[in-house]
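Chain naming follows the written order as A, B, C and D, and within any one chain the residues start at number 1.
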Amino acid sequence: EDDNAGSASTANASAAAQATKSADAAGATCTLQQYGGTKVDLNTATVGFSQSEKEANPFRIAETQSIKDEAGKLGIPTGNLKTTNADSKFDKQITDVSTLIDQGVQLLIIAPLNSDGWDSVFAKANAKHIPIVTIDRKINAKSCTNYLTFIGSDFAEQGKRAADKMAKALNNTGTVSILLGAPGNNVTTLRTSGFKDELAKVAPGIKIVFEQTGNFSREDGQKTAEQLLQANPNVNGIYAENDEMALGAITALKGASKKAGDVKIVTIDGTKGAVQGIVDGWIYSVIESNPRFGPLAFSTATKFFNGEAIPENIIIQDREYDTTNASSDLGLAY
Amino acid sequence: MAQAGRFPAWAFSGLLERGNMSEPLLEVTGVSKQFPGVRALDDVSFTLRAGEVHALVGENGAGKSTLIKVLTGVYRPDAGEVRYLGAPVSFAGPLDAQAAGISTIYQEVNLVPLMSVARNLFLGREPRNRLGLVDVARMNREAADVLAGYGITSDVRRPLGLMPLGAQQMVALARAVMIEARVVVMDEPTSSLEPREVETLFGVIRRLHEQGVGIIYVSHRLDELYRICDGVTILRDGRLVRAGRLADLQRVELVSHMLGRPVSAERSFTSFAGEHDAAAGTPVLRATDLNSRHRLAGVTFEVRPGEVVGLGGLLGAGRSETIKAVAGALPLDSGRVEVDGRTLRRPTPVSALKAGIAVQPEDRKAEGIALGLSVRENIALAVLPRLSTAGVVSERRIDEIVETFMTRLRIKASSPHQRVGDLSGGNQQKVLLARLLATGPKVLLLDEPTRGIDVGAKAEVQALIDELAAEGLGVVLVSSDAEELIEGSDRVVVLRDGAVVGMLRGDEVTTEHLMNVIATAAS
Amino acid sequence: MTAPADVKARGLDLARLRRLLPAYGVYVALLVLVLFNIGYTDNFLEWSNLRIQLVQVTPVVIVALGMALVIGTEGIDLSVGSVMALGAAIIPLYLGYGAVAAIILALVGGLVIGLVNGGLVAYVGLQPIVATLAMLVAGRGIALVLSSGRYKDIRDKDFLAIGTDSLFGVPYTVWIAAVLAVVVGFLVRRTVFGRRLLAIGDNRPAAVLAGVPVRRVLISVYIISGMLAAVAGIIQVSRIGSADASRIGLLIELSAITAVVVGGTPLTGGKVRVLGTVAGALLMQLLTATMIANNLRDSTAQMVQAVIILVAVYAARERRTR
Amino acid sequence: MSTVTTAPEAVERAEAASMRTERIVELVQRQGALAVLALVIVVGVVSFDSFRTFDNLGTVLISAAPPALIALGMTFVIVSGGIDLSVGSLYVLGGVLAAWASQYGTWAAFALPLVVCGVFGLVQGSIIAYARLAPFIVTLAGLLGARGLMLALSGEGANTYLVRTDAFKHFGTGELGGIGYPVYLVAVLFGAGMLLLYRSRFGQSVYAIGGSEDAARLMGVRIRSTQIRVYVLSGLLAGLAGAINAARLGSGVTVLGTGMELDAIAAVVIGGTLLTGGAGTLGGTIAGVMLLQVIQNLINQIGTVTSAWQTVISGAFIALVVVAQTYLARLRRVASG
């Protein structure tokens, strides 16, 4: 499926870029006319980017960097790309975006902290017909009215694919624990429901014995995994809803004197550390969630301003890593 | 006993008769109150009649304040009954008591320092406008009017805490009297008042008395009691010793009831021995030209070993400031402090202590002792380095020193591990003195060492000061009690507005001279 | 008339028992929780499980020890979590010079923040909660700037050994916490410093006039707290194997304060219970573990925790007579 | 400038001068946050075109509305000598409840969070007043409890209730003269708060118990009822802030409010209120809230400050303002002798 990774890093960069999976042919589309905006030349436009969390973990680092790089590539002057970071505070993100609008940005790229709660932003942005591209998390609202389009992964699908991998890893029998993401987060919700539903379908023999939050962090992932290994010493598989928690879980497994491969770990994200974990034998499989939104976001915007119809959901193709491709594709991981 | 003539006598003629005839306002029967380790009140009874000024006396820790707190609902008694206006009552708290007409001035000034004078005066009774909002303008106006009657003319909008202590006490008094009280309780109201203010207070008492208000008056100053009180109740160790007419009791009798042992009538009122044999040698302490903005202006004095130097002056004269400056606790703009001829550079409490200056601050609870710590830890606090090796304290050495001083100062505590906060005022003061003495000082700075402590403890402390001076310590003594100051000091340095205005030595050390110097400087 | 004999003889009455409860309440609660777990949680008594609980609780214990000292002076130190982050940010920067150098520099980081806290409290006269609140924000900011906001994986074997290796079957980290607890206990009970600290907490003006070098003691206390937090940060980093300045130590100040207060140290200063603090931290740790082990939901877990904190602190409160 | 002379006139002159200094210093200290705020605004106006727009003012004000309400309650709590760490959790809880209740109409959307958060405050206040536990600990437990309740109500945070009533939504997003409705509500509540704090007997009791609880008790102030009312007020305002925010966001967002309590405390302290209680003004609190908002706004105006530096700047600012205030306060003490 994936093209073979070249050894040169430049080759990697392009290979690692996002590809759209479905243009959702049946889905609605949106044109500049429908949206009611005016044509903007991106090379001279001011663009606002609102990041939700600190650029501390690889996903956020790669995401922000990709937006900045692409803006640079398009020749957008540095001062014209306004970035804000909400530091995981939702109120702050709302304010950030409002401020960006007040500053007169002509395109908004938002990595939302939360899917709901954007009414006031819409009220403001829609009045000025500023197109909003939401990336990585979807916003629950009307596309082409409230926002232009969503570019990102299908989280439920990621959970589903993880379940398939887990079923395969355990041969449809055994016990599994889930390290949940941060509570109240729709990424958590969808990755959980997708996983559970699919697992019930394809491998009813696998029992979920434990699900506790690891807050998407390595530290909490490790702590929770340590506790879970005490309560369920014979657990066969761990589904971590992101790579950080999986890496924490590996440390926990080592601490509990488990060997690589004793417990099958399936995780989502595709960071270097996790893919390396496959190479080292600790992780069974990683479902990718590709953060390099820059090229796709800007090309979509360009198309939009050129009058082309834009689909309401642009679901990207996420890779998956396992023993077959981990060492060769390590360069594609972020 | 030369106190006759010190205050103009005014007679309460005919009061006793009226008082005795009227119905009891407040009646306490068989009240007991137990605190952890102490029986503060034991089967105490007490009666107050309308128009009576009733003295409540006893040594420190006799249970006076506790009895008052029981009356006003601060404490609940373990046993016994309180009857007010003929009916048994159990107040839920001071507010309840106040609403019923019992108003109290507590021993420590109990007002809120950060709030304005007017707001303190009216707290809970603020005048309100039609909207139910506090009428600030009217409140300030009325407050100014009321306080003018108590000789206070400062801006009532300023925070209370910026006023001198005596003025604060007057505000508390005004506040207590403002409600239409049937009973006014005064727990040591004069301990921070200067003579003029004491007269104002007595004027108020007279007015209340004429209105038929019953007054409970607690004080350790016997001459005050004899001037204004009709009845007396004496407590000792939480027990009722005697109740009756004050006029029937000789002063000596009263004291011996309080102490529980006979007292010789010949003894002087204070226990100072008189002149000390001050060596003519080099001064142990020399303060030169101490200056601190708005507080001290060029204070200079010296103290020789074995000498007690009194600091005289009215309230706010700068006596406490002088003491604090010498002890390094008040930043100086200029000036020099020498101990044994050696100059302290940049005096701080630490360096002053090292040089041999020990200070007993005026406000025992706020600056003196650590109430939550034990007697033992308080005594050892200032000498810890000496009782330790390489920063590790030696419990044995602490025990020794604590034992020594508890015995020497006759500190009454259930054990060295008792919380100091649970001791009576006099014993707290002794613990504080023990801490000073434990440092082996060359100079003792004592600011109001006998304030708020009973005759017994007072005598002990005074005798101790003599003893220490005799041992060769230099002592600086501040006391608002003119008699104590005069009898205790070999020389008196008189201060006013932070500056030295006179010096009494030898035969000049008399009350008359002191008053004279203060009066002359004032004019 | 000192110490009437009958007062001592009547020692074991109800009032005395009630006075003992604040001192020993936390141990009773701990015991109850342990008994509950023995009954209802699988594998609870396994050494591996106890070991994990001990290992997980060490950072909180270490931070809480410093916090107890600060609280003893009537202060509070909200900056501890940020100090941990600062330590975490410093370590990868200097691991190149060896584990020891990195550790020393991380400790220096804690020392500096402690110094600033102490300076603001002792010299500038800020209220501790305000001073350390400012450092809570700024400290993490500095940590983030130092680490460019990114986490770094740690590969240094020597350094990682702190978090993973054991001595006599007990992990190094637990030994470290135990030794520190003993040292702090000794500090409070047996040293000049400890007594001065308590005197300051009880009555600061009095301590000043008693010739206690108040500022020096206060600064030392905040420095100790900062350095202990740095130790906790080091331990945490070596345990996780990565240094993430944006997450490490988040909200640990609240856990530490809870441990201290549940352990019977009043927030009003003048008293420090070191063993109680350790027990308080263990209690909260076991509580979390119990709820995770029994797969309780987060919502329930938080509400149960709230109630337990209140009950424990209620039992440990100092009674006033009325 | 020493007062070595003892001549009474000289002393009097010095007194008068010191009184004058004292007034000025007092003014600066009380309004310190305001002064810094003015300074920051001037810097912003000079440096950024987009800062001095009316739109931007509207954004700053509407963003400040919920934190201002929380800080309003926090001011009462802190003046009374307490602290309330539960407000962040109550804020989220209030939002979730408001969004859920909005299906029963606008009034329900306001009433439910007010009732629940008010009861939460009542419980906390009662524990503080009767069991005499430290407010810090009680409200810390409240922080956990309220968040737990919020998670339980929202299916561990997975369910976000959407606001169903347009009227309620409109209240959150609608504007009058370019300024959001909630801002007017907050302004009115601050006015009422000022009357309550400065001009009511309750307000006097709040200052009294914060200034000296023992003295207040002996002066007959009802300590317990005052304490309880203060925490109820704080709970109510946090709940209301949550409701307003829910109306504005159009849903009961569950990922809010962490660290909100510290922001509120910082705002109050920057506003010159003593954390030890007994003194403080609501004017200062407004200035404190606005200062934090405007700094954030300026950081956004620059648009390239990394999140790491943002944190450093905020912390430094808090430290700076508070240190400056403390020095001024000391100056004042010296001036007044």
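As a convention for this text, a residue touches a chain if its C-beta (ideal position, glycine included) is under 8 Å from a C-beta of that chain, and two chains touch if they have at least 3 such contacts.
Nothing here was measured: the structure is a model prediction, and the numbers come from that model.
> So which one's got more C-beta contacts, C-D or B-C?
Higher contact count goes to C-D.
> Measuring centre to centre, with centres taken as mean CA positions, what chain is farthest from chain B?
Measuring from the centre of chain B, the most distant chain centre belongs to A.
> Using Cα averages as centroids, what's the distance between chain C and chain D in whole Å?
Chain centres of chain C and chain D, defined by C-alpha means, are spaced 29 Å apart.
> Between chain B and chain D, what's the gap in Å when you average each chain's C-alpha atoms?
The separation of the two C-alpha centroids amounts to 42 Å.
> What whole-Å value do you get for the distance between chain A and chain D if each is reduced to the mean of its CA atoms?
Here the centre of chain D sits 36 Å away from the centre of chain A.
> Would you please write down the residue numbers of chain A that are in contact with two or more other chains?
Where chain A meets two or more other chains at a single residue, that happens at 54-55, 183.
> Could you list the positions in chain B whose residues touch two or more of the other chains?
74 - these are the residues of chain B that touch more than one other chain.
> Pull out every residue in chain C that's touching 2 or more other chains.
144, 149, 298
> All pairs of touching chains, please: list them by chain label.
Chain-chain contacts present: A-C, A-D, B-C, B-D, C-D.
> Per the contact definition, I'd like the list of chain C residues that touch chain D in the complex.
76, 78, 120, 124-127, 129-131, 133-142, 144-145, 148-149, 254, 257-258, 261, 266-268, 297-307, 309-310, 313-314, 317, 320
> Can you name the residues of chain C that touch chain B in the complex?
1-4, 7, 15, 19, 190-193, 195-196, 198-199, 202-203, 205-213, 270-271, 321-322
> In the complex of these two chains, what residues of chain D are touching chain A?
It comes out as residues 50, 53, 55-56, 59, 62-63, 66, 151, 154, 156-158, 160, 162-163, 169, 172-173, 245, 248-256, 258-259, 293, 296-297, 300-301, 303-304, 306-308, 310-311.
> Could you please specify the touching residues of chain A with respect to chain D in the complex?
Residues of chain A touching chain D: 51, 54-55, 78-79, 82-85, 87-92, 94-96, 98-104, 113-120, 123, 140, 182-186, 188-189.
> For chain B, which residues count as touching chain C in their complex?
35-37, 74-76, 327, 329, 349-350, 352-354, 359, 361, 366-373, 377, 380-382, 384-385, 388, 391-393, 406, 411-415, 435, 439
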